[in-house]
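What follows is a structure written as structure tokens; I'll ask about it next.
For reference, chains read A, B, C and D in written order, and residue numbers begin at 1 within each chain.
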């Protein structure tokens, strides 16, 4: 039974996390706090792991307090920089008790796996393009996840010395989307959709397609719980849920 | 048994048509001519239908000769204009013998049906976008077929008074593809592919997807044969294979 | 402004219909009744169209009362038979005022269109198979919609004299699904899904795929409203929403 | 420049391998032999790697001769058993010169990656099913590749202690396909297709889909060449191309 505290417990994600922890037979919710609550509640709760879905302005401070209190952390809050992550890594090392902190930009298992597999497959194909599909109220295009995926693909191909995807076209580049370091990202906006991503990889005579669909925010809960269960045995800072998964 | 002549018989498409006619139990190949051959061969062959896969510079002249010879025509050659089509329609009416001419820009049944269905469905959905996918040696983007599909969709929606697809994005419009009269067309180029088109239609809570894949040029033959069999009972000029199909 | 009454207004579908009617600028909700309420409320409401989402045991009686009251009807309740439909058709003819009744087994536009298009395309392809995908709590397999689609496909092919889809396999027929009059229906059950159907049609060198996804019950509302708007100008009995759509 | 010999050089696969080796700038074809040719030709050719696409009855003997001659081997011939593979592994160890032998049932990169990714992802999802799609002249169903994939998925889930995919259906299990150790495999047969496989993985609110398409036999060549380039630095026996790929 792992004892879990939730920070940001009254937000949308926080509420879902509390419910998911309570529903899991191997986890126990021992503290649920939000802005205005005293941090000592968490420290005194006996929590072994804390889940932070708060706001960018307080999340780093929370993590340092959690380390001081000897509590592992799973962080879904955005706004982290190379500098703030480095300070956490340093703190963990200085602390020396083998605590683990996971900072993850995405807890959707299908999204995390799609990105991981796309990155690994990228060097073995002549062509690769990305299509992301979202509801039409989304303001940015392409999505951050798709840009992140395309960047990871571009980097993997560069490291393996793979040439750019062939492309004979010279005009007609005005559709929604973007060229991310040589990887084309197409952005579809369609009523009825939520958040979806498709990576297409092609060689002569063959194609590999990796697609992920997120139909609902609850889809993040299995990933959060996986983080809670695994972070206790991963000392130091891990960035990205894929690093706590068994994908070797 | 329908007697068939092939014009442009030594070209790639013409050769395929000759083979397909010879393999069909209800059709008989009675003439196969190409540049340099005398047209009288066709006239004297007893052909009831002629298939024309020649070149833009001679196809209209061929069709007028075929009408004069009392032969129905199935035309796959490109380069037709509103004016040249009008002259054929007029000639057919003047002729008065009930001859039929089919001019079709595409004989792929899956392509023709995808476009026809997309056009019919377009007015019933809040959002619609088109993705076309081709091999990376294709120079133009988006493909002519996809532009044509998007144009037909835009027109159908305008006629039904349907608003433009919703879109909250304001930047990131630099991917391969184009906005065709308000319908986004995304163009994917991937080694391994041939010619593919996908139309995505969305309402709150539901999606309709119509996709067609052309893996090979031989895929045009069923459409050409369908044209040959149907044109004999469709007097006048028909533009587009869908008009000879039973889709009512 | 069309005046609309809803029968079965307190059921799940009825509540959604009331909300959708109220949200539509060209429709006015004038009566919302359910079991126990007096039918005279509907008759006196001035309703031009009534939507019936009640139960099989009362729906036919409701429709006859609506016809007597001079109100068009859109019926989503199940349980209709050839006999009960014939009685309604007869009543409408006898009534002679040009009233329309629509009885529809499915109001999902994407589902209705997928089935309609599949039926039309079926005769033009050598092979056709159906895949339906649902959440794993669904007890029956394959789904009624998929069986209905397969039956319509089989019938269309039989009418056009098309041979059965080729199949060289002789063993390994133990997967979830069924052979419906020669059309293979595969049934996938997967957590995360709602209700989806895919029709695959193939010829040498080409494929046509028609797919529909229902993510949510609200997806039926555009179809119900379309029925309400169209039924007033379609005298007599119509079975199936596709008959009120402009798909010719 | 790696010197390559091809055994079974007059077969369909062998001819493709010879052409692919000759077209690769970093490989040199130094011997191409087939049944009836003297093995000493290979031994004397200076080949560093030999590719064997012969027949089950001679492939093991070929590999032992290659080891004796100090030549690495890439084997695509089928018919290997646990015993014959064990004899090769033993011979390699006894030989002690660090030679490598790759025996691969599949050289399609998309197929190999799809299977590898499906296996890794399987334990993270509540549901998983497999759809394989082939041309209708294929006699067996489901395909060997799909059975292999399903077996690998079942094994990975068993090792991770994951429960069987939920399934409320109790009847309607007569479609083409099979239950492989609790993993449903659906087999589609459609004119126009070649060889395709789709793995569907689902959790509440999300789906991951991994699909691979083989359009043509030439799609195996990149995998064969990858084997040739990598086997020289992988001493001992490797079974499966994925073990020579950088997927960690």
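The definition used in the following text is that a contact is a pair of C-beta atoms (placed from the backbone, for glycine too) under 8 Å apart; a residue touches a chain by one contact, two chains touch by 3 or more.
This one's a predicted model, so the numbers in the text were calculated from it and none came from an experiment.
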Fewest touching-chain hops separating chain B from chain C: 1
Centroid-based (C-alpha) most distant chain relative to chain A: B
Whole-Å gap separating chain A and chain D, where each centre is the average of the chain's CA atoms: 33
Computed distance of Cα centres, chain D from chain C, in Å: 46
Cα-centroid distance, chain B relative to chain D, in whole angstrom: 41
Of all residues in chain A, the ones touching two or more other chains: 125, 192, 201, 203-207, 213, 215, 219
Residues of chain D touching chain A in the complex: 108-111, 113-114, 117, 120-121, 123-125, 160, 201, 203-219, 221-222, 226, 245-248
Partner chain C, residues of chain A touching it in the complex: 192, 194, 213, 215, 219
Complex contact set, residues of chain C against chain D: 125-129, 131, 133, 136-142, 165-179, 184-193, 200-207
